[in-house]
Amino acid sequence: MTIPATVPVLGWAWDDLLFLGLAGILLGAALLVVLGRDIIHSGLWMMLCFGALAGVYALLGAPLVAVAQVLVYVGAISVLVLFAIMLTQSKAGPLRLVFHRQAWVAAIASIVLFALFVVVVAEGDWPQRAAEVTRTATDQLARLLFNDYVLPFEGVGVLLLAAVIGGVYLAKRDPGQGGSL
Amino acid sequence: MNGVPILSLVTFVPLLGAVLIAFIPRGHVRLIRYGALAASLAAFALSLAALADFDPGASGFQFVEQWDWIPAFGIRYKLGIDGISLALVVLTTLLTWISILASFGPIRERVKEYMISFLVLEVGMIGVFVALDLFLFYVFWEIVLVPMYLIIGIWGGANRIYATIKFVLYTLVGSLLMLVAILATAFAWQAGHGGDWTGAFDYEQLRGYAFDGTLQTLAFGAFFLAFAIKVPMFPFHTWLPDAHVEAPTAGSVILAGVLLKLGGYGFIRYSLPLFPDAAHAWAPAIIVLSVIAIVYGAIVALVQPDFKKLVAYSSVSHMGFVTLGIFVFQPQALEGAIVQMVGHGLITGALFLCVGVLYERTHDRELAKMGGLAEPVPLYAATLGFFALASLGLPGLAGFVGEFLVLLGTWAVNPPVAAISAGVVILSATYLLWMFQRVAFGELSDFLRGLGQHLTDMSPVELLTLSPLVALTVVFGLFPALILELLHGPVATILARTGGGLDLLGLVR
Amino acid sequence: METLVTLLLALPIAGFGATALVGRRLGRQAFWLPVGAIVTAWAVGMVVAFSALTGQPPFTGEHGQGFGFSLYRWIPAGDFTVDLGLYVDNLTAALLIVVCTVGMLVHVYSIGYMEHDPGYWRFFAYLNLFMFSMLLLVLADNFLVLFVAWELVGLCSYLLIGFWYKRRSAALAAKKAFIVNRVGDLGFSLGIFAVWTTVGTLNFQDAFRGLDQKIAAGALEPWMVTGIALLIFTGAVGKSAQFPLHVWLPDAMEGPTPVSALIHAATMVNAGVYMVARANPIFAQAPEAMVVVAGVGIFTAILAASIAFTQNDIKRVLAYSTLSQLGYMFAGLGVGAFTAAIFHLVTHGFFKGLLFLGSGSVIHAVHEEQDMRKMGGLARRIPWTYATMLVGSLAMAGIPPLAGFFSKDEILGSAFRNGFLVVWAVGFVVAGMSAFYMFRMMGLTFWGESRVDPHVAAKIHESPWSMRVPLVLLAAATVVIGALLGWPLEGGTIHAWLDPLFEPARELLGLEHEAFGGLDVALVLASVAMATLGLAGAVRLFGAGAGRFRWPARLADRDALVASVPGARFLYRASVNKWWFDDLYHLLFVVIGGRAGAALRWFDERIVDGSVNGIATVTVAAGRGLRVIQTGRVQNYAMGIALGLVALTLAYLAGLFR
Amino acid sequence: MSGSLDAYLLLAGALFSIGVFGFLARRNAIAMLMSIELMLNAVNLAIVTFGAFVPALTTHASVIALMVMAVAAGEATVGLAIVIAIFRNRRTPLVDEYDAMRE
């Protein structure tokens, strides 16, 4: 069976459909992350949000980034966050516990911020406003990463190592302190 | 020196030492102390090497090193020295190792941090003297502040927090305005060169540029404030007694020996050549302030009950001679001002060391409690007497030549000013001899008698810190040419740029 | 000759260095090095002096022109350069004789005098340093080196007056001497500035020549020359303890007696006289300044003599007599009798050195007692001291043919002939007064009945030979030197030596050489008569006048005398209180100065620093007020950032940035 | 639409704004950290977007995105560790009760 060139009923390109779908999931999940009362649910929504973002990366012709996104965010960080949530044993509370008193100001501020983005994007004088997406060749990426960017790469490695050690050190229970968390 | 970046070496060897010391575990106090001493001695040796290789006859700056730093604004890493900076660099490296050695006994807590602070302080001080880029100069200028803040604030006396905050705030007020002035001159330069930033922070370029009158007045004012606070000139001097009283001994030595000189150096290096017209316009007021500082510092020193405060106010008075010598725009006076800076660095530094030696034993600085030290601790009394005499300007010692030349030059320009300032030799003799009599003469006071066996004469380490200062005080008193020969060239250059004396009475020959 | 002159300086300073370094370990043997150095230096000094005076090469030229050289360039500062230069001419040579001889004898004397002092080595070290400084002073070839030595002798004076530093009075006296001297030095240094700005050099010969040329060219106002001369003279006033800076010298007697002899009688205090004589070309151009010099000198002479009348401390009597004699010298300089003044300097150096050393011997004998009311009748107990001091006192009183007679009468004679009649008259009176108070001192000390503390009386003893020999030698010198140098009057050897030097100055001043004539004989006879009168009066009142004048009787006699003269009570009180100068200066400088200092300190702490702290207080208060904003919650701060961003956005959208 | 730079950038902007809101509004420290992750991802999306549409940047953008991810991972580790450490001391995950910075 052949897939039609456009989406049957709507007449859109498949890519567009995919983009809309992913964007919808992405934003919806993100909103649920920040608005949900149950912090565990927020964590789970965050996983979904990151997964959708991985799809967007793939759509943008950056398959390696997409894979890394799945590995790092959906896999590692989300799990880490979920663990942290469980360790701190927080559960859903009343609204005043979830949100700050300044929440409505924050809402206005973020909306204005979004408006700013819109203005900037609209007014920006971009060179290739609408062009074919260029795909990233993985071998080129590797070459670049291990030649031109090898020093930052190593630096990031050291940084991660330091972060791991620091994380362990900070989270480690003091021997003398005892007691449950 | 055949391409060896000697100035960078002198400047950054202490930093290297500080970094290495950072890796020594804090328990190894001896290793830390000797490491710091070694680093400062290395810097001293390198500065002596620079001195040996320096050509006093050549004009302009020597050992110049330069690399681009922030090319977008023409900011360069540019170092170089002339005779003036060389003399002060050697003074700095000398006093630093003496101070570090003098800290061996008194500093027992947080030795590691202390030594690191001291070495970083040295980097800043040397940097100020060797920098030839205004931005770089400013950076070094501010670097000095941080370790000094820590040294007073952590290892100081009872009221140290008040003193150190006062010191930092006072100095910052001046230096931030100076930063604004530096930027203003850079913008003016850039505007005057069709938007080209090249050389906008380069001292040698700026020195030849005629800034317009308003900018000169304002920028001179900003620089003046920074330098006047550092010197310190009346009425910006009140941070000094507090800082001195609270600072540990070595901190006082560096404060009096080098930090005050940064102000004088700034006047000579930047205020005069960059803003000659404004300097002339401001000079009468500054001369009046200098004379006030000279007389006022001496009179207030006369009634101080605290040993350290007395020496601190004597610094105000002595540094007044420096600013006076600078702002009469007269060659003898200017050379005298620089010699006075070196001499004051040696002598007042030594006096603070003497105060420290006494404080180590008595934990007190109140002059009223002292007395009769000549009998139990003759060596100490002799040393103190020696530096008291040097400080009051006894000929044949280092304090005399500078003061004499400043007054001579001032007389050539304006006799009444010279006469008033010279009158202070009576006051300085009075308060220094009073201090000496109070401490050394008479019967041993009850307070000191109560110390019993703790009242010991100077230890070998203390002797080691003071004896080079004794030697140099004599050497520079007998052979001031050693310094003066370095100064003729730069002084002539600066005065050629700034213009001749203030001919108030039409007496200039 | 360079070597010899350099050696002259090198020996004492080497002695000082060596003694300072190792003296403490030598204990009682510490005197060998310093005394040896000075004895050698004396020999060298004599060679130098007599080579100069007799015109040996390199002192060539018919007027005994000087010989100078530079050791090294001391201060090179652009067109201001000063060499450490030395210069010897006949004037220097005359001073060298006094300084070296008295210095050497005082060193020898001190071996015995200071024997029991724990600071033995220190004393000799200081003495050597002083000798170096004093020799540098007379050898200097320019104003600045002179000034350096000037300050150095002041330093040594300070160290030696305060030698017994445990005594508060000694420490205070030392400080007072230094500070009062500094007042004079201030004027001197200003004078140096003025010389340099006027002629551009500080070398004596060049400066004098330059000044003459400038004046000849009309480039200098007369007031400027007078000003320079007066400024320089201020220095001399301080160092030579002339009115109004005379107050330090009597207090300086707190020092050991050899110091008083050497520094405060024979050498250092003469530095002012030497300097004015050295600078005679400047003074000759400024007749008004000369009048001031003469006036100050003669006023000090009578002031000090009047105070010496009533002093009870043997050394203080001598100190005031020194002031008085220095006043004579300045009077001599002021009236243009330069040679006579230097002659008096030389003779006074010898006989006053003798008197001080003698007084030291007395004090030694009665166990460190200086109050003459506790002496008396010592003549038989310490005959050597008595005999030598009698010679000194006679010389001082101006009895021929002893030293003081020749020189003092030359000064008085010149004052009269050069038209300074007031100076002559006052000097004439002072001659009588001097004889009186000197023999009052002799009487109280040596004659009459003993008032010595009985415990001490038994142990009175003559001084050791190391002290007696210098006394005898000085006494011998006192006897012969006047006649040797001063005979015939106005034409003696001293005139042959020094007159050529001062000839240009005398010409400028328009003074003629006059042969010694009948008028002079009259003057001499008058002053000798005056001196004899004073002497006789003193002997009558305080003398050995057998049993008739027992102490209480004499006391009553004196009281009766005082009561019989109108205004005498006031004069007596003034004399005892030294005309209240010390009190006046204490009020002016210590009390009022201290108040001013305290006021300024208050100003500094409250007003200057107070305004700084005021700014800080205002800042802190403002901070307290604004602290509400600081919640310590991260999100509040982040909100601040966000709102700032919003504000910027709105501003941008509103077109503020376009 | 999928070929339009604007669409992706707006998506990134929207995601960022949501993150900002979350950071400012939520009281829970972990929720704040999650919001930060959202913002970081928004930035990453913008980077990759430019990489896709500007040929000269293509490969570089991916490299930078990977770096950002690595740093973000480190940041998450340390941040969560700090939250746990503070929680252990303060017994609450609510940020507005952490006001030690007040003095």
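The chains carry the letters A, B, C and D, assigned in the order they are written, with residues numbered from 1 in each.
Keep in mind that, in the parts below, a contact is a pair of C-beta atoms (placed from the backbone, for glycine too) under 8 Å apart; a residue touches a chain by one contact, two chains touch by 3 or more.
Computed from a predicted model, the values in this text were never measured in an experiment.
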Result of counting contacting C-beta pairs for A-C and B-C, higher pair: B-C
Farthest-lying chain, centroid of Cα atoms versus that of subunit C: A
Computed distance of Cα centres, subunit C from subunit B, in Å: 38
Interchain centroid distance [CA atoms averaged], subunit A/subunit B, Å: 58
Subunit B-subunit D separation of Cα centroids, rounded to whole Å: 51
Between subunit C and subunit A, distance of the C-alpha-averaged centres to the nearest whole Å: 95
Multi-partner residues of subunit A (at least 2 other chains): 100, 102, 105-106, 109-110, 113
Subunit D residues counted as touching two or more neighbouring chains: 20, 24, 96
Residues of subunit B touching at least two other chains: none
Those chain pairs that satisfy the touch definition: A-C, A-D, B-C, C-D
Touching residues (chain side subunit D, partner subunit A) in the complex: 1-22, 24-28, 30-31, 33-35, 37-38, 41, 44-45, 48-49, 51-55, 58-63, 65-67, 69-78, 80-85, 87-88, 93-94, 96
Subunit D - residues contacting subunit C, complex: 20, 23-24, 32, 95-96, 98-103
Footprint of subunit C on subunit A - complex, ascending: 100, 102, 105-106, 108-110, 112-113, 115-116, 119
Complex contacts: residues of subunit C adjacent to subunit D: 630-635, 638-639, 642
Subunit A residues touching subunit D - in the complex, by the definition given at the top: 12-13, 15-16, 18-20, 23, 26-27, 30-31, 33-34, 39, 42-43, 46, 49-50, 53, 56-57, 59-62, 64-65, 68-69, 72-73, 76-77, 80-81, 84-85, 87-88, 90, 97-100, 102-103, 105-107, 109-111, 113-114, 117-118, 121-122, 126-137, 140-141, 144-145, 149, 152-153, 156, 159-160, 162-164, 166-171, 173, 177, 181
